[in-house]
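In what follows, subunit A forms one complex with subunit B and a second complex with subunit C.
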Partner chain A sequence: MTDLLGNDLNLQYELLGPEIALVITAALVLFADAFRRELKIGQSAIPAISILGLVVALLLSLLWIDENKDFARLVTIDNFTTFFRVLFIAVTVVVIIGSHEYIERRVSHLGEFYSLLLLSTVGAMLMAGARDLLTAYLAIEVMSFSLYILVSLAKSDTRSGEASLKYVLLGGVASAMLLYGLSFLYGVGGSTQYTEIAAALSDGTSTLELPLLLGLALIIAGLGFKASAVPFHMWTPDAYEGAPIPITAYLSATSKAATFALLLRWFAGPLLPAIDSWQWMISVLAVLTMVIGNLVALQQSNIKRLLAYSSIGQVGFMLMAIVTISDQTGSALLLHLSGYIITNLAVFMGVIAFYNRTGREEIVAFRGLAQTNPYLALVITAGLFSLAGMPLLAGFLTKFILFQSVVSGGYTWLVVTALLASTVSLYYYLQVIRQMYMYQPEGDASRWRLSPTGYLATGAMLVGVVWVGVYAAPFYTAADRAIAPLFT
Partner chain B sequence: MVTLFLLLPLAGALLALFLPRERELDARWIALLFSGLAFAVSIVIFVTFDPDQNGYQFVDQFTWINPSGAGFEVQYFVGVDGLSAPMVLLLGLLSVVAVLVSFNIDERVKEYFAYLLLLETAVAGVFLSLDLIQFFLFWELELLPMYMLISIWGSGRNRYSAMKFLIYTLAGSAFMLVGFLVIGVDAGTFEISALTEMPPQDALIPLSLVFWAIMIAFLVKLPVFPVHTWLPDAHTDAPTAVSVMLAGVLLKMGGYGILRIALPILPEQAHDFRFVLAAIAGFSVLYGAVITLQQRDLKRLIAYSSVSHMGYVLLGIAALGAVGLSGAALQMFTHGTITGLLFVMVGLIYERTHTRDITSMSGLMHRMPLIGTVMLIAGLASLGLPGLSGFVAELTIFLGAFDAHPAATIAGIFGVVLAAGYILWMVQRIFHGPADEKWADLKDANCWWEHVAMGSLVVVIVAIGIFPGIITDSIESGIAPIAQIFEANL
Partner chain C sequence: MDSVGVVIAFYVLSAITIVSAASIFLLRNLVHAIVLLVVVFLGMAGLFLTLSADFIAVAQILIYAGAISVLFVFAVMLTPLASRDNGNSLYAGPGLLLGGAIAAIVVVTAFDVEWNQLTGVALEQRSFTDTIEVIGNQLLGPHVLAFEVASVLLLFALLGAIVLVTDPNNEDGTTAEEEAGKDTAVGGSE
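Moving on, here comes the complex of A and B:
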């Protein structure tokens, strides 16, 4: 089959197997929830169906390791896509396992919750795979729209609706900017295909300097919003605070990683020829993001807001890799992203388990946790120390490789800034750790246990944090292989 | 062998952590057993170490991080040479002492000893690492147990002091990591010996900046004026055992880092800035001594005297010759034992009197003659009395530094006079004078662990004072290659 321009189209639908499996699962989940009474199934069947679908999707995506094909010139299936497919599916699985109790108790509209979660995963996966501007844009919207709704689903919490409204309004503005920027890019490049834009830009024949610059500024602003880079970060703390905690975890993991997948695809592909026009923009963004994110985090008293600002700070570190983009920094970024996601999920799974028990999310509520539940305190401490970049944990190793690659890219001053920001960050992570270890518990001081799935999720993440920190070889081999298709 | 030394305390820490609650006090015995075993291993390492042989001994090595295409690798690479062998011995000894003086800890015992043993592993890692990144890793790892120990089991403004300690060290080590990265990226390796053989000639940023980026971390740790202010606070508020470890081995990480990394890898820059280093050193000695004279808090007094004494280490280093460098390394070892002993004694006194205010104590010699005598021995060693270990080290430093930096050396010698002043005056105010009635029911050191802790350190101090050869042979063999770099090229 061919398209209007006469290009051959490859319509191998099995290439999209994982996405199709997830969409079918999402529909099944909705159906099962609607007819729960008729089908005589319990509440816990719904997360079980979702996990089953995710596992199927995971297996389907593993079929395409070391392939390099495209579907109808819209989606590329290469190692890069496979890497992110596996990553996103794994995040969703962990979020569901670690938080199904939270969701049953504190989230309205169970069926919709799970099916939107699956759909946003599909959106994220397509963001990583897209090879066409419009496909990418639609993928962003699929993910974002699902998230707008998910943020609002916290039961009897007025902050949830407010957060969702703020997120949807600012998100709409950002999408509009992005789309407007893409239209400039289309004007300059003459196509929506990544490969053809790259060819047009590297020709050097284009005289459209100003439109390109405008387009780049708008694109960076739009994606900056999605990645919550300063100064486009205003929605982040509110959305993080108002959303149900599993969604906060999901926002900080999948939504961020998907944006970086897109940034890598764009800035290592179609936009690479224009590197002189955007390199300074991203480096300014990176410095602002790591400095302001980490400084504002110092003043937070709510754990979700603290983690929101800390994740903003982390975005600053990741942007450094885009500034000095190469296969080395790209692979370092993929490694850092996976380490960051594992670490962040460890902290969030811990916070969810804590919230299930106490219903509180202020930092002072963590007082004496080391005595009432030493295991949970250990998980949260390991996660926070890893975020701060302490040795033998994931955060140190991935940050080290990331910083090392940026130094060899010639941006030592960025790394100096990052290291100082990183030092500041340890201070606010320690504020939480101090509460857990240095104070006596308030009120009930008896020991308590997590639920079995709570142990499963936190334990797996704890092992992950230490594993990446001590023996990361499999991870950076995977990252190397994933980044390779972008630089051939 | 050295890996065993590294892992024994860690194993002890894990074991202590998993003790059931009702047998919490057994953590003391676990800690004593494992630190004792580690001490035994360190003795074996030190005794079987062959000073006539070049290079590292007891090496364990494998590639740890090796991302393909990134053009560098990080190794797990440990071993000892003449420089680190005495440090390992010192660490083994002081860890046992630290465990012994903690025997009466009764709050959160399991965690306390777990952190103490973790601290030993971290510091051991610093002394044994032969790869820059591995070195940095252990350098950072040491912060965690230290922070916890000071802020949970400390007294006074313990949380403030712990945080201050943390911020100072972290700020320093952030610069150190930048320096390491720049050097490593340029050379494509982080192995210290490889970098020593081929010092970097050119890098992304001027090498003199790299030198100071690395030095700042070590100078903070040493510490010298003006980055010393965390030390008195940390010492004052830390529990006794932590003070012992802090003064005894943690400060040595700074001097060790300069000798192991800063000088051999960046010799030209060290040579260019030797006068700056000497000036800092001379001023630190005098400044530390003058401030010490004014202290009324016993622990603060010893803490400030450390600032003065660590100035000698830097002075010896700034001389950049075989004699001065050996003196610096020897001073690190002797200061570790002497100040370690002083802090043990301060802890014992504080446990009995519950005050550290010098002016409120008087005539304690009547009540506790043993503690008084040992304190006097430690004090005399600290002020450099011939026949005790402090004298040997300081004399070597002055001999080595006088030609290169006469002014700073004279300042240093004057510091010894001030040291005699503050030590003797302190002993006089606390132990002599009329016996105060309110101290009538104080007991002398009466537990076996107190005797062992004091006795072992006194033996070492006297032994080195009489026969320094037991330690200097090893040190000289470790210093020789470093001194050669400076004698050959500059």
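Moving on, here comes the complex of A and C:
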């Protein structure tokens, strides 16, 4: 088949196997939930079906390792897409395993919850694979719409509705800005295809400097919102605090990684020829984000808000890699992103297990956790130390490689700022650890244990944090191979 | 150049559209104004048809005359204090000013553009096929992925809307509004 311009189109539906499998699973989950009584299945069948679908999608995405094909000139299936597909599927699996008890008890609408979770994973996967502006935009909307609803699903928590409303209103504004920016980009580039925009921009004959600049500013603002970069971060703490904790974990992992996948695709592809126009914008954003994110985190007393600001600070570090974009910083960013996600999930799985037991989320509530549940205290401590960048844990190595690649990209002042911000972050992470180890438990001081799936999720993440920190070679190779198709 | 039928259709449709649009200002009842607005949209759809833009005409009827006007009706019905009265407003002066300015821009542009470049020979040289056929083939052929993604998005947006208005304490499927309606009904009978 050919399109209107006479380009040959490859309509090989197997390329979209993982996405199709997940959408079908999402529909199945909805039906299974609706007909639970008729089918005589328990509540736990729903997460089981979801995980089954995710595993099928994972196997289907592994089929395309080292391929480089596109579907109808809309989606590219290369190592970069495969890397993110695997990452997103893994995050969803971990979130489901680690939090199905929480979800059964504290989330309304089980079937809708799981199917929306699967659908937002589809959106994230398409964001990483898109090679056309409109497909990318649709993918962003698929992911965001699912998340707007998911944030509101916490049972009997009024903050949840408030968080969702703030998220949806600000998200709508950001989407509008992004779309307006994309329309400018389309005007300048003359196409919605990444490759053709890149060709048009590197041509150098374009006299449309101002529209390009305006378009870039709008695009960066829109994506800055999705990635929660300062000054577009206002929704983040509220949404993180009000959302059910598994969704907070998911927001801080998949939503962020998908935005960075898109940033990498855009700024290493169609927008690379215009690097002089956007490099300064992103570096300003990076500095603001890491400084303000880490400073405001110092004052937080709620663990979810603390982790929200800490994730904002982390976004600042990741934006540095976009400033000095190259295959080296690109692969460092992918490595840091995977390390950050494993670490963050370790902390969140720990917090979810803690919340299941106590129902509290203030930092002072963690007092004496080292006595009542030393294993959980160890998991959370390892996660927080890794976020702060302690040696032998994932955070140190990935941050080191990221900072080093930014220095060799010629932006030493950015790295100096990042190091200072990183030192500040150590203080507020240590505050939580101090509560766990230096104080006596309040009230019930008896020992307690996690559920088997709780042990599975936290244990896997703990192993991941140490593994990336000690022996990161496989991850590094994967990141290297994933970034290669972007720079050929 | 154009057949007599098209010219007559143009004048009749324009007359309907302009007269309905002008009457909206003079009507006191908001619901009547909305009905006239639908007439304006239908007249516009007819004008698009005379320009051979069949897809836009159908979209105009489906989206504007259908969906948007229903939205207006809902907004009027659900706003309790906006009695159906299209009364005088504080903003009449600024509104007139703004409307007049926009109308002036349109008129100036209309006279400024050399329309004759785009009619006649240049127009006739372009071959018009059925736009609906082309758009349909494009949507279900090369752009089938975007089409399907959009339909999944809409399905789940619908689902989300239902989930959001369902009362969590009442899982049998009635919405919060229905629940509130029941409460007032009970209150009324007491």
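A few remarks follow.
One rule holds for everything that comes next: the second predicted complex is superposed on the first by the 488 of 488 C-alpha atoms of A that agree within 3 Å, B and C clash if a C-alpha of one lies under 4 Å from a C-alpha of the other, contacts with A are read in each partner's own complex, and residues count from 1 in each chain.
Please note the rule applied: contacts are C-beta pairs under 8 Å (C-beta built on N, C-alpha and C of every residue); 3 or more make two chains touch, one makes a residue touch a chain.
Everything quoted here is computed from the prediction, not taken from an experiment.
In the superposition on chain A, A:126 contacts subunit C only, with no contact to subunit B. Shared-chain residue A:135: touches subunit C; no touch with subunit B. In the superposition on chain A, A:328 contacts subunit B only, with no contact to subunit C. Looking at the shared chain after the overlay, A:1 reaches subunit C, while subunit B stays out of its contact range. Applying the stated contact rule after C-alpha superposition, one finds that A:149 touches subunit C and leaves subunit B untouched. By the touch criterion stated above, A:9 is placed in contact with subunit C alone, subunit B being left untouched.
Once chain A of one complex is fitted onto chain A of the other, the partner contacts of A:216 are absent, as it touches neither subunit B nor subunit C.
Of the two partner chains placed around the shared chain by superposition, subunit B is the only one that A:427 touches, whereas subunit C remains out of contact. Against subunit B, the residues of subunit A that register as touching in their complex are 327-328, 331-332, 335, 385, 390-392, 396-397, 400-401, 403-405, 407-408, 410, 412, 415-416, 419-420, 422-423, 426-427, 430, 434, 437-438, 472-473, 476-477, 480. Residues 1-4, 9, 11, 16, 23, 30, 71-75, 108-109, 112, 115-116, 119, 122, 126, 134-135, 138-139, 141-142, 145-146, 148-149, 152-153, 155-156, 164 of subunit A touch subunit C in their complex.
Considering their complex, residues 134, 138, 141-146, 149-150, 152-153, 156-157, 159-160, 163-164, 166, 168, 171 of subunit C touch subunit A. Residue ranges on subunit B touching subunit A, taken from their complex, read 65-72, 133, 136-138, 140-141, 144, 147-148, 151-152, 159, 163, 166-167, 170-171, 174-175, 177-178, 181-182, 184-185, 204-205.
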